[in-house]
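What follows is a pair of complexes built around subunit A, which joins subunit B in one and subunit C in the other.
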Partner chain A sequence: MGFLRKGTKCLICRAQKIDREAILFLPAYRLALCKEHFISWVKKRVYETIKQFSMFSKEDKILTAVSGGKDSLSLWFILNDLGYIADGLYIDLGIDKYSEDSKDLAKNFSERIGRKLYIIEVKNEIGRIPEVSKITNRPICSICGTVKRYLMNKYAKQLGYNIIATGHNLDDEVSFLFNNTLNWDIRYLSRQYPVLTEGKGFVKKVKPLCKITEKESAMFAFFNKIDYIKYECPFSLDSVSIKYKKFFSMLEEEFPSSKIRFYNNFLKNIFEILSKYREEEKLRNCIECGEPSLNEICSFCVLKNKFRKLENELELTKKV
Partner chain B sequence: MGFLRKGTKCLICRAQKIDREAILFLPAYRLALCKEHFISWVKKRVYETIKQFSMFSKEDKILTAVSGGKDSLSLWFILNDLGYIADGLYIDLGIDKYSEDSKDLAKNFSERIGRKLYIIEVKNEIGRIPEVSKITNRPICSICGTVKRYLMNKYAKQLGYNIIATGHNLDDEVSFLFNNTLNWDIRYLSRQYPVLTEGKGFVKKVKPLCKITEKESAMFAFFNKIDYIKYECPFSLDSVSIKYKKFFSMLEEEFPSSKIRFYNNFLKNIFEILSKYREEEKLRNCIECGEPSLNEICSFCVLKNKFRKLENELELTKKV
Partner chain C sequence: MEIKVKYRDEIKFLKFDKDRVKVIDILKALKLSPDYAFIVKGDEILREEEIVDEMDDIEVISAISGG
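And then the complex of A and B:
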């Protein structure tokens, strides 16, 4: 949020001939707002994003991927507030205190809004993420991504939901986009869209917060007294995506609206051109679990098999 | 340049079984080199760039746009060293001490390499750049660009050169590219190429240093005892392009090779796709000067007319 001069009035109040002080300033939009109008601004922006990309309607059954962080809880809050049918799915990754804390917050929040929260324990599905990473010697963030994508899709289908909504915010999207742009990777650029359509065993996935920055989302959670986990996953701190986010936040400080311009103009000016170069993925059903897969065995089952095998070998070594 | 551990050997010397210490390290290429092999590395890289983009051959007559800075003087040096016919064109912009100093350096250098240097005085063509900017109330960098492009092209033709070579380095190109990418501006992106082909009154323009960073170019100039102007144009210090350069240099520190990857992958993966969306510019001859123009009167003559008119009005006001 930008610097606010004392006495600055809320722009929307002023338009309604009400004299109320602004409490924050959004430099990207040159907008000074009071608490009430900031909250309605965020909700409106999310609603417009849902409409712009035809994400879902009031008839759809939405499963919100809830991590316990500000973005996913704010998203869940907004979806329900806007009158959509949205329950929650919490995936317990087994990252010690981080997972315990965030699970509690997700549970409390589900009670507050009176919506169902499903909890999936990764330890029962494959193993605790840090253990799986250690034993298979694969980067933890990559494993976490594979496992979450797999479980989200599988359980959404099982539980009868036709939409998965994730809390990716503008900073997340800009960081992905920048990474793909640095490499000019057409394969990824041609797929970077806030909606992934359903079909071939995949549930439709949407990102309704894609135009809300991390700061805006944190402020929204704060104003709505949403109790979210205040620290990052301990394994993500050194990630490339967090570094790109910092770079873009510095750029935004110097040139307000850089993030939203970069993202909006990508979607407006070039996504359609690149989408013509998108290669159709040849999907089949994993011979082990039946879920959609690029290969005979899906990446989740490959990981699981590798983990089981190495775990058994380790057990045997211990016994010997 | 990156950190060099004491005792690190030059990689090329080592390959030739010579035991010589490196004096610099290029993190983007993980290359430790001695002075001699750094110099030959730069020359080879420029030569390969010239070949890769079919910029020119030994039969062409090249006019090097010389500003007195490290890039243009290094470029001029390399072109002659590689055996190309390359003379120099210095455009005196009339920016006080900056222009005087850089003109002297360009003259001295032309004597050193025994090549012709043409000097164009902007004050005789239109007026000193800062004055033109002040009186016409147009940003100085934009005026400077218009004037330089116009005069370079006009004099290259008059003097009988068929190639204009400019000293744009990798940092310059990355900064342009990043600016155009932030806006996803297809019009500009589809033209960003190290060669602008000749035709319709335009001389072919090339950027042989497009894969050499600013630091590499400065080091090359230093090692070859090229005396260049050490300070930036006083009007460029606050420019957006300099800020983007700083931003990318920070990124490069954190992720070496970001700059060259961003630029190379753009040319390799996407330029061809975008070039299909390039709109043909409808050019005609300026009715005042006969140079190629998008409109009835070219942008140089429009500027000149405006400046003359305002200058006369100012003279009249003074007299009254």
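And then the complex of A and C:
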């Protein structure tokens, strides 16, 4: 992997005949940049991604899913900086200190950029994630994903937003893509795209950071003094996605640009080929909540019912 | 040589058997890759080959997350 040598000049400054030292090097693009040009490079890349995939326009009302992490806060910052109308939605998962700390950071950031932040408490919707996860054998991250996706969609509609923007970055996308490829999961592969279109009760979902790496996102947050949660969710420390990301980092160190090539070339060469496998999902409305669902009762309500039943049983045991 | 670092909101002390410790040595000691981690001092990101002093107030940032 290449590194920045002392005295290397910023490539963009050099082209503009300005003599300024680079402060970082992006091996995937062989780019040495100064702070100002790195910041503008990230913003331009996000803007071009928004345009390339026709994600949204300045007339759209965007709800940014904010977790208090570097990606979602950087995304929120960039969207507003680029002139889009973007408010925030924070879902309090009830994961003790982690949720409290990340909520405070999201609130502080909302005040800093002067945009509205909606806070949804999971405990009022279903129950705290660590407790809800005990009623099933599914991994806690999978339960958390189901709950977050459901609440994001439901509240975006209720609050009048037509776009949900999430902070998924290139490393996230590469990790999903690798997992889906490893399993040759045609159904998931045929749907892996930075835009999920609206319709049938679903709000359009977009991933404007899909071409920004985690490190680029963290450096962007650092230079813009974005205060984000630095420690990991206690339940994702040993997650498969982190292991895949570390595996890809080893590859990237040896062969810079592996990640962006893997992702870009999938979108360019494979995604369309898989379109014939993209089945129209037979959606209906959940008979309990009315939200879109593949089954009579949606997965959120199934979880909620199981959890309520367990709560009632525990309550009865206490009384006896 | 002992270097004090802030990492994930905690203070850690790292011992090295040499007098000239580089940024990349600290990342390696923490089993982090320069592909997703970096070290900052004040408002600056330090180069991987930069020498770190015992008195430096530095923070290690690992960008990797569960996603």
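Convention: the second predicted complex is superposed on the first by the 314 of 320 C-alpha atoms of A that agree within 3 Å, B and C clash if a C-alpha of one lies under 4 Å from a C-alpha of the other, contacts with A are read in each partner's own complex, and residues count from 1 in each chain.
In this text, contacts are C-beta pairs under 8 Å (C-beta built on N, C-alpha and C of every residue); 3 or more make two chains touch, one makes a residue touch a chain.
Bear in mind that the values here come from a model prediction, so they are computed numbers and not experimental data.
*Asks:* Given the touch rule stated above, what does A:S175 touch, subunit B (first), subunit C (second), both, or neither?
*Replies:* After superposition on chain A, A:S175 lies in contact with subunit C alone.
*Asks:* Now for A:M250: first (subunit B), second (subunit C), both, or neither, which partner does it touch?
*Replies:* Once the two structures are laid over each other on A, A:M250 reaches both partners.
*Asks:* Looking at the overlay, does A:L196 come into contact with subunit B only (first), subunit C only (second), both, or neither?
*Replies:* neither
*Asks:* One more residue to check, A:C289. First (subunit B), second (subunit C), both or neither?
*Replies:* neither
*Asks:* Please work out whether A:K230 is in contact with subunit B alone, subunit C alone, both, or neither, and reply first, second, both or neither.
*Replies:* The second partner, subunit C, only.
*Asks:* A:I113 contacts which: subunit B (first), subunit C (second), both, neither?
*Replies:* A:I113: touches no partner chain.
*Asks:* Going by the contact rule set out at the top, does A:Y277 touch subunit B (first), subunit C (second), both, or neither?
*Replies:* After superposition on chain A, A:Y277 lies in contact with subunit B alone.
*Asks:* I want to verify the contact counts: of subunit B and subunit C, which reaches more residues of subunit A?
*Replies:* C
*Asks:* So, does A:N269 touch the first partner subunit B, the second partner subunit C, both, or neither?
*Replies:* first
*Asks:* When the two structures are overlaid on chain A, which partner does A:N183 contact: first (subunit B), second (subunit C), both, or neither?
*Replies:* Only subunit B is touched by A:N183; subunit C is not.
*Asks:* Please identify the positions on subunit A that touch both subunit B and subunit C, taking each partner from its own complex.
*Replies:* Of subunit A, residues 250 contact subunit B in one complex and subunit C in the other.
*Asks:* For the complex, which residues does subunit A have touching subunit C?
*Replies:* Within the complex, subunit A contacts subunit C at residues 1, 3-6, 23-24, 69-71, 141, 168-169, 171-172, 175, 213-215, 217-219, 222, 230-233, 236-237, 239, 241-242, 245-246, 249-250, 252-253.
*Asks:* Within the complex, which stretch of subunit C touches subunit A?
*Replies:* It comes out as residues 8-9, 24, 33-38, 40, 44-45, 47-49, 61, 63-67.
*Asks:* Can you name the residues of subunit B that touch subunit A in the complex?
*Replies:* Those in contact with subunit A are residues 181-186, 240, 243, 247, 250-251, 254-255, 258, 261-262, 265-266, 268-270, 273-274, 277.
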